Structure formats: C-alpha cells, structure tokens
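Letters A, B, C and D mark the chains as written, and numbering starts fresh at 1 in each.
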C-alpha cells in the first residue's frame, strides 16, 4: 500500500477544487491509501506517513502564499529534515490570470520538496488540446473544461503510479505500461 | 527618440505573431523608433542600438531554444558584455500547451537580459478576463482572443513607456499617468 | 532626491549584515535618501515612499521565508497593487550553504517585485575573484571577504545609481559613466 | 544492474572535472553500469539506455549553453518524447563566479529533464562546512576543496542510490539506510 498525501491551501476554493481532482486521479491506481488535507488539517505526522505528496497552493504575487510556506518553515523545530529523503512529489496551483505566475509557483513548491529530499516530476501527457501539466498542474481560476480537470486528475494519477512503481515495487503500475491515452486523438500539438 | 528592438525566434509562426503584436503596441507611444527582427536578421549592432528590448522565443522542452541561446552566446566574442548595462527588457513566449513552460522560459529570457545588465519587468495589467503578462507574455499556440492579443501589445507598449519615461526622460509617458484602462471594466479578478 | 528602501528579514543576523552593507553602498551615491528597515519596522508607507528597493531575506528550504512573504501578502488589503509600477528593485539572500538556494530565493524575491510592477536588475560587476551578484547578492552565512562585502555594497550602489539616473534624471549617475572598477585588476574570469 | 549516464558539456574543463567526480561517486554504489560522456560523444541511444542521468553544463549568461540545449532540441526528430518517463535525473554546473547563475542553470537543466518525464532531485547532505548541492552541484571554477569535490561525488552517489533503490528494487541502497555521514561532525549549520 502506497500512501499519498494531497496537501493544499485554498483561499477562494479554486485550489481546493484542484486538490479534489488530484485526489480523484490518485484513487484510480489500486492499493493506494489517500489523505486529502488542507494545511490547517495536516501536520508533520501526515508528512512522515506519506510516500508521495501533491502540494497545491494559490499563486499570490507570483509565488507561494505565506500560510503554505509557514507550514513548511514550522517543521524546522520538528527535527525531520533531512530524514524525509526519497519521497516523491509534485505540485499544482491556481491564479487569477493566465501568465500570473502559476508555473513559477509550482516550481517553487517543487524546490521546497527537493530541499526535503523529494524526487519531483511533472507529466508529459496532454490532457486536452493545448493543455498539459509539465511542471505541475496550472489553472486560471477553477478547472472548467474536461482537459483542465483531467490535468489535475492525471497529475494525481501519475503520482500514484510512481509511488506504486517505485515505492511499492509494482512495476506493472508504470505509466508507460498503461493503456489509457496520454496523448488524445484530437490532440494536434501546436508548435510555437 | 527611444530605440526599441523586438527580437524574436519563431519556428512555426506563433511567436512571430506575438512579436508583431508586441511591436504594434510599442508603436502606440510617441517618439519611439522600432526594429522588429528575427534572430536571423539581427546582429550585435541592433543590440547596441536599442534602449529597450522585447525578447521572444518558443518554449522548447521548458526553456529557451538553442538557436536563441546561440544568438546570445555568440556575443561573447564581441566584447560588449558588460557594457550594455541599463537597457530595459521584457520577454514573451508561445508553447504547445498551457502549463508547457512559457513562464519558465520568459523568466530564463529575463535572466539572460539581467546578466547583460538590463532592468527587466512584466506588466501588472489584466488585458482581458483572466489574462495577464506578469513576467512576460505567455501564449498557447498563436494569440486568438482580444485579451491574448492585447497582452502582447500591452507588453510592447509598456516597454516603450518605460524607455520613454526613463531613458528619454519624458515623464509624461509613465503608465500610471495614462488614461487607458489597465484593468478592464469586465475584469473580475478570480482569486484562487 | 531619490528614495531607497533596504527592506530585510533576518533570523540569525547574517542577512541583517548584508542589509547594512547594501545600505552603505547605496549611500555612496549623492542625493539619495535611505531607509534601512526590517520587515518588523517597515510598513506600506515605506513602500509607497521609495523609488527603489533592495529586498533581502534568508533562504529557508530554498525560497522566501513565510514572514517576508506575509509582509507582501498583507498588502492585498491596502489597495496599492497595481499602483506601484515603475519603481526599481533588486534582492539579496544568505543561506546555510553554497548551493542552498540563494539564487533561487533572489529570483523569487525579484518575481514578487516584478508582480508589483518593479523593474528588477542584478549587477554585471565582479567584486572579487569569482564573486558576483548577477541576480542579487548571495551569501553563505555572513559576508566575510572584501569581495563578498563589496558584492552587497555594489548592489546597493547600483540601485542608487539607477534610481538617480532614471527616476531623478541625473544621467551623470549612470554606472557606465563612473570611474570605479567594475572588474578588478586581479580579476581573471574563470570560465567553466 | 542500473544504468547511469553522466552527460556533460565543458568549455574550459571545469564542468568536465565535475562530471568525473559525479561519475566517481556513482561508482560507489554496487551493480551500477556507468557511462561518462560529453554531448559530443553521446547520442539518443545513451539516453534510452540510462535509468538515471546526471546532466552538467557551464553556466553561460545565467542559463544553459546553446550546445547542450541543441543536444536536447535535436531529439525532437527522434520520436522518443514522451516515452522516456520515469527515469531519474539531477544536474550540475560551474560558472565564473559565485552568484553567477549556477543554481538557475541547474534548475533549468532539471526543467528539461522534467519535461522528458524524469523525476529530479537534489541532495540534502552537507558535504563540507557551508557546502551543499540542494538543487544540483554548483561550483565557481573547478572543484578545489574536499567539500566541493564531495558535493559532486555525493550527487552521483545519490543518483546511483535512487536508481538502485527504485529502478533495480534494491531497497538496501536507500540513502537513509547507509552509514556514511551525510552531515559531517564539523558541520555547524550557519543559519542566515
């Protein structure tokens, strides 16, 4: 059984909706135990417990909101760093605008995880025409289209696949061995 | 007269379309001389000539394509670094997908400019509902909606405003003194 | 008179020492009014007052500490964003280790400033053999060598030069018109 | 047998020296097959072959040199993206100065790897007083002190440990199960 924590902060509900979709996607993989918790609900025991984490927060002024950062900074006194090495992580974020810093925020969330010794990833998949989550799932407002919703879910699914493959040693869970479409038929990559 | 260079690389035409919009926006400001050039057309004299630059490239594998980087790396032999300090810069990028690394690419383009001593900026404006260019103009494919097109144009306009204000000392050009809408009526900021 | 705010957070005193050096360097430029304040001492009026800012914080888990971020996040209610456009900014950070995320932290501090409409910069100068501050001044622990100290001071000096040149229109303050050494004699650039 | 590729570009020999140290460190882990290749020597078959990669390049103007980027951009025609998912990666870089962009370059190298579906990591370890490689091994010039050399070697060792643990399923290789010192006695963390 792989343990996955979806840990999020949400101010207006948009990132919370992303978190639910991420958790839903993680639930697609067998033998995964899930916790979906806001930073108000989660504590250091949840972090120790998990094998993989999906970390989500709104983008405020281009980066991580203070509440989420405080959650991590407060761990200094818990004497757990650097004993969390080898967990697997990814990130997601909603902002008020496309171009509002979601990718930058996701990468900074990834940096926090890397600092704790996590291995971090994004997804190669396109979950709709012109929609991906290469460095984390990014969203303007709340997820609306099927492709946007699936970007969140696929991120959670991928996290569960990596946890199952690498931590639970179920090599059959590797995403390259699955039959679902990672690049949909209607996908025509727009090159820029 | 402030001199503005819109310097771009385009592989499929999408970033070229962005570049044209950026140049169009820069042309809104009086007494600006403009050059719109691809990296195949521009050389070190264009860089020396300009007071401000808008630098655009497709996002390939999450960052700057090699051709654009080569344009800058080749300047090593020109003995111009570090004698370009104090020019003003910004960036723009198109990628195949939302979440495809456009923001990361813009920030890396900004980093190249900072390394050359440029002052770099994004725009605070929303140019449509849920559309901004806080760290550079980002686009999936080509600009299609009015708000997307205006994000590119506004970036060029802002560049011209800063060049006029700071390098040409026309303080009347400062964006906070203008009457155009930086936050449109229909704008309702979605907080995340 | 250009107004410069050196705004910092320090936990153990190292970033405070950097802040003092940054302020000292800013004081080298004539006709600059200076405020050196910790985030506990500064408020929104200091931000409105300044023409240029040097923003410094320790690197905690690879990025901005929560206290510094809270200082900025709390401005949401002050209704000042996006009316700060056109100020000039830069950043500095100390961490426990070389490779500990100082550059990443500086760039995230720069991102916060860009979000507020600031033009941000680093310095091209080498302030000692193998020492620069291309994206902000970075330090392991406290500044010890002359070159490390000068990296902080030069950053502040450059900020003051840009504020004087661009906001006060004293074009004689432009760094390319100064006689001090930006690349010291003993400098031999190690290429990698 | 886990397969590890140390893939590097070097212009003056400094990054090449880092690459050799990274390879040496990877060789500390049993049952690892190693290839140490410059981008001139390596091709797409090396990328397919590897389970883990350490990717190193000089920092030129704050980011990846064009030659290294071209190596990756040229893979577009090889039809291997997105079929490399699940490999493990890390990065290293040398620059002419501390503060010269090494961390930014490492993160951009990490971004390229993430785009290809790799899981990327840094090391939590301190390899000397005030020396780490939290987001990749960073260096001014060539590695000189024992701690600097060990930062490179430890990065390679960690890569081999993750490949052994996760891809070869030798759970005994997990770094948290090893006896070597990850935080040396003489280590006194300077907080900033």
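One rule holds in what follows: a residue touches a chain if its C-beta (ideal position, glycine included) is under 8 Å from a C-beta of that chain, and two chains touch if they have at least 3 such contacts.
Everything quoted here is computed from the prediction, not taken from an experiment.
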Chain pair showing more contacts of the two, A-B and A-C: A-B
For chain A paired with chain D, centre-to-centre distance based on mean C-alpha positions, whole Å: 24
Gap in Å, rounded to a whole number, between the CA centres of chain C and chain A: 33
Residue list for chain D, restricted to those that touch at least two other chains: 62, 101, 104, 107, 111, 114-116, 134-135
Overall pattern in which the protein chains touch one another (line/ring/star/complete/other): complete
Touch list for chain C against partner chain A, complex: 60-67, 69-70, 72-73, 76, 101, 104, 108, 111-112, 114-116
Chain A-touching residues of chain D, taken from the complex the two chains share: 81-83, 85-86, 88, 107, 111, 114-125, 134-135, 162, 165-167, 169, 174-176, 182-183
Of chain C, residues touching chain D in the complex: 10-12, 14-15, 58-59, 62, 93-104, 107, 126, 130-142, 151, 189-192
